[in-house]
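Structure incoming, see below.
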Amino acid sequence: MSARPAAPIRVGIAGITGYTGLEAWRLLTAHPHFEVGPLAAGRGAGRTLGSSWPALAAHSNAPIEALTVDFARGLDALVLALPHGVSAPYVATLEAEGLLDGLRIVDLGADFRLRDTDTYARAYAARHPCPDILERAVYGLTEVHRDAISSARLVANPGCYPTATSLGARVLLEAGCGGPVYASCVSGVSGAGRKAGPRTLYCEVQDSVVAYGVGGAHRHVPEMEQELGCPVVFTPHLVPMIRGMLATISMAAPASLKNADLLAAAEALYANEPLVVLRDAPPATRDVRGTGLAHVHVCLDAERHVAQAFVAIDNLGKGAATQALQNLNRMFGLPETLGIPTVPLLP
Amino acid sequence: MSARPAAPIRVGIAGITGYTGLEAWRLLTAHPHFEVGPLAAGRGAGRTLGSSWPALAAHSNAPIEALTVDFARGLDALVLALPHGVSAPYVATLEAEGLLDGLRIVDLGADFRLRDTDTYARAYAARHPCPDILERAVYGLTEVHRDAISSARLVANPGCYPTATSLGARVLLEAGCGGPVYASCVSGVSGAGRKAGPRTLYCEVQDSVVAYGVGGAHRHVPEMEQELGCPVVFTPHLVPMIRGMLATISMAAPASLKNADLLAAAEALYANEPLVVLRDAPPATRDVRGTGLAHVHVCLDAERHVAQAFVAIDNLGKGAATQALQNLNRMFGLPETLGIPTVPLLP
Amino acid sequence: MSARPAAPIRVGIAGITGYTGLEAWRLLTAHPHFEVGPLAAGRGAGRTLGSSWPALAAHSNAPIEALTVDFARGLDALVLALPHGVSAPYVATLEAEGLLDGLRIVDLGADFRLRDTDTYARAYAARHPCPDILERAVYGLTEVHRDAISSARLVANPGCYPTATSLGARVLLEAGCGGPVYASCVSGVSGAGRKAGPRTLYCEVQDSVVAYGVGGAHRHVPEMEQELGCPVVFTPHLVPMIRGMLATISMAAPASLKNADLLAAAEALYANEPLVVLRDAPPATRDVRGTGLAHVHVCLDAERHVAQAFVAIDNLGKGAATQALQNLNRMFGLPETLGIPTVPLLP
Amino acid sequence: MSARPAAPIRVGIAGITGYTGLEAWRLLTAHPHFEVGPLAAGRGAGRTLGSSWPALAAHSNAPIEALTVDFARGLDALVLALPHGVSAPYVATLEAEGLLDGLRIVDLGADFRLRDTDTYARAYAARHPCPDILERAVYGLTEVHRDAISSARLVANPGCYPTATSLGARVLLEAGCGGPVYASCVSGVSGAGRKAGPRTLYCEVQDSVVAYGVGGAHRHVPEMEQELGCPVVFTPHLVPMIRGMLATISMAAPASLKNADLLAAAEALYANEPLVVLRDAPPATRDVRGTGLAHVHVCLDAERHVAQAFVAIDNLGKGAATQALQNLNRMFGLPETLGIPTVPLLP
């Protein structure tokens, strides 16, 4: 167990006007060793936390700053919850100013997730602005890259879909399944962010489900394939819930595979994981609402030789902010689960 | 085009206290040639339509009868919207009383859907009570069995999941795809019926998604495999919406398959179908709310050689009551789409 | 009963990209005597109906025009479903071009609802652009102004809140209640329109209720007070549902008032109204979803001498488009309820 | 500030299979000084916490006991979250067994809320089973009865509606308003409890609002009038959200009242209250989701001489379990807000 740090660790949060930035704030505010430092945002700069989030009106009138180099000065850590394409140039500037060495950064965006710059260029239709920094970034799926994360200075926090899909597909791969990973996933609407747009209006989303980003077009696919090392047929769906993500993963199973083998593979990977819960029935996303847990169920369709994994996470929790905190805890030598909620808000 | 019948066709509805029975009533009440006759229900007998559905309080105080042989006397047609296992014995009684020949029946339950009695016995853990009548039943997926339905006396209306899945998988099979059909489907809560139970309480369902009936265990699987002739890996999910069903169907595609081939296969099957709409993007379930339409989109993940079909239906519409009406129209020589809504309730 | 018109009545719809304009289209498309003519919209001009509403993609590629004078030429009627402040200048232009006499117009916006120009100026912080036309406009609460509507050329369709509130408060006034009308109302989110904004994002609206426009500030207050002739303490609330409006109206009752007197007052006003349903328990908004009905319940809190009325309408139905159709039917001598749905979409 | 207790305070929770019992468990589990002791329930006895709440499957297999006298032995405190009518006989039995003196009890049910036994008899159609114990019970609206609660052995935790209504109406009364309190309130569905019934089925509740318990019939009315000392015209509504309650309170204001006076009255009552937040705009229920806060906004309709208060609480929080904890903290000399969440789960 790690010793209590002598002084609070100051963390700045960039992107505080978005859902994941706010969730990071909620967690860090309650954390025993981290202290929320300055807040920044793109469009919200000049306002206060309480005016951007009226629910917190009486809670805080902390100012929201613009995202400048000065914002990062004097901090121990940075949480970046920014739109894609904003983090990398900012981090490059920090390096140019010589600030990077004194910081530990968790980036919740996509800028540092893909190790291969060609893949990045294909996915984002642009060359990576700072490939040298990219090389030093560590992919932050904690259960897989735990040790590297501990010594990392820059962690690329995984996307919510890749987190859920990878946690499930790993079990099937461990059990010897092959062929493409069929990942049919659903996400709550908060995954689309807080920006206003017709796709996220109440009357367009409510009482309806729709698939999107089909045909292999979603930018999370290369991230999944990088981590899993096999093709992923990924189909995201938008469903009418605020938070929550469910990944339904299917793979062809060896004819000899038994359900007990599948369970054994799951046990082998996750029995000792503090934030992965093995369930004996498919989990509901409500089971993890507001927590940092992943609930996982695996089962075999023995007649059709297909194995399935079901993974429920909170897209803003294990899919974003709690995983960021899990990584920050590791980066600062704190117990990995410190400050991470494990009791869901029920009902 | 068919001639206008001399007199209204009298249809009795059994199961009027459930959601599909009510939807059949809504459609038949507005139909130019059918006339809603007596109403029956299991638990609701003795009440009135208006007391069972307070929304209709001022609309109708039609009595709800018990489901007896007398209920069917003097009718031209019967819509059975009953729990599984109730229809078959009732129909057998009608036959014993010599009433079957004068009636045309559409059964929205599962009792007459599986042609193979062994499969039925496995799925329902019971021998079929009247295999001789089963032999004469026609499976009511209108787009596939249109001609047989026209001359049928007993139509087994397909389940909502098999309807959506079959309409999508047919395109992929037509395009030469093989291997198992991966069918990841979501259903609105009305699919679970109106009976009170913890699984359908607002606070347990809202803001959450869950898979169920996994591992090949769902009773709709044999129905799908019967119609498609290939293995179906079926995963149903419950999502927080009232009505609506989306089937996301994936199959391995031949390496030579082009997206244009897939579109051509869809056109070949559905260009002339009055109630199937080919879409150039994945449909939302809201797009068909309250209608008898199936919206279908197909696309190819060319890099991973997987073809996908997305089918949106209203589980109470094309998945139940409008398909029943489509079949009734055919059975009585009326235009197939007469009285079937095609404009959704938006938003 | 009115005779069938010799030729279809051509109606143009302006504001087709909004929810009420679309609902008017849905109703007019299914109407036996009206024919949907050209479609116009502010921001959607240049697109088609099917591209603005993907659900209708295969249904219609009718072009959406800009709202010009030419748009109205050759039409028999116009439905204006436009943002506040757009209708009046447009109608003034039609008059200047000599087109007004050949048209019958129902305006679903607020421009012609307030008879007093001073009140208008206070509510909208601007002088009315065409007070002479305003004088000729008839307020379209059909149940109250039925005869004037029949001969009107320009009908100002009431707002959804005033419709629900007035229908309820009239009963209490009829029963002799006095003092201010306390109107606590809830609206589904579609009442806020289709424009994107943080207030109507799914994640900001879902699982939450909020009051707004409080302190007498809502623009619907003068409209209510004009119709009711007494002060109205109006409190609107936004609730997480797509469609639906419930008005809970309370007024001080004379000490001698009995519940039977209250019921008698309701019967006196509404027993013969085709679209008002008197209920013996408070109605749910779902009871009228998709219809043109108002469900009304009245009751007395005898101990506290307060009478209450509960009115449920569909804010897009009786609160907007079906009332527009009710008025159009009258303006063209057709049966008032022709083409107005009375069976709700349940569940 | 109170000293840290020498040993954890053991609290038993009765009614753990319901929503409020579970919420109490969630709070007490995270509390630094309380320790969750045995769990009891009526129907759930014999199961475990994890089987009753699958979300907690891996969290706890604590057994659920029957509610016997032995259940309470050895405990320091009891939280009773039971159906109405169950608490009083149980507490009477505890007294008969001599256990009452060693315990501190917070009852979240209605059995000990009404001080007048005649009022109780009218509201519950039964004589109170233990009027002598009732005499000693203290009504647990913390902000009002703080001192009495500190020394109480039995606290009757207020209902959610009376909590929200009283907190708002107190301000209006303080400002000199008179006449009846008009309280139009909305509640999330969790307020109806976890028992299955048609009123709380997803498909009956979703996309709909309904008033209930009208005409002065709701059992919370006498509780409100007892606390406020004036007539309350109370209208509860069920709205489609899981948690949350909003009270919209209106009262006739003296003609001389200014908005500033109203704000001053609110400040006088609540400026120093740790869990009451004064807002400058109407609060949304989402603003307090999962917390123990009450957000209060007051405003004047100066033209109509009516003052209004808007109070948002979480019906399971300040309306039930966090207020229970607030009271327990006081009863054990702990800081009143210890362990009470004040940051909402957003979005």
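By letter and in written order, the chains are A, B, C and D; residue numbering begins at 1 in each of them.
The rule is short, and it goes like this: a residue touches a chain if its C-beta (ideal position, glycine included) is under 8 Å from a C-beta of that chain, and two chains touch if they have at least 3 such contacts.
From a predicted model like this one, the values you see are computed outputs, not experimental measurements.
Asks: I need the common contact partners of chain C and chain D, sorted by label.
Replies: Chains touching both chain C and chain D: A, B.
Asks: Using the touch rule from the top, work out which pair, A-B or B-D, shares more C-beta pairs.
Replies: If we tally the C-beta pairs in contact for A-B and B-D, the bigger total goes to A-B.
Asks: Express in whole angstrom the distance between the two chain centres, defined as the mean CA positions of chain B and chain C.
Replies: For chain B versus chain C, the centre distance works out to 36 Å.
Asks: Between chain B and chain D, tell me the centre distance in angstrom, where each centre is the average of that chain's C-alpha atoms.
Replies: Once rounded, the distance between the two centres reads 46 Å.
Asks: Distance between chain A and chain B based on Cα centroids, please, to the nearest Å.
Replies: Taking the average C-alpha coordinate of chain A and of chain B, the gap between them is 39 Å.
Asks: Please set out, as single numbers or ranges, the residues of chain B touching at least two other chains.
Replies: Where chain B meets two or more other chains at a single residue, that happens at 19, 190, 194, 203, 206-207, 240, 242-243, 283-284, 286-287, 289, 347.
Asks: Quick one: in the complex, what on chain C touches chain D?
Replies: Going through chain C, the ones touching chain D are 180, 182, 184, 186, 188, 203-204, 206-212, 214-216, 231-233, 235, 237, 239-244, 246, 248, 250, 282-287, 289, 297, 299-304, 306, 308, 310, 347.
Asks: Give every residue of chain D touching chain B within the complex, in rising order.
Replies: Answer in residue numbers: 19, 189-190, 194, 196-198, 200-203, 205-207, 240-242.
Asks: Using the touch definition up top, name the residues of chain B that touch chain C in the complex.
Replies: Those in contact with chain C are residues 19, 22-23, 26, 29-30, 53-59, 190, 194, 206-207, 242-243, 277-281, 283-284, 286-290, 295, 342-347.
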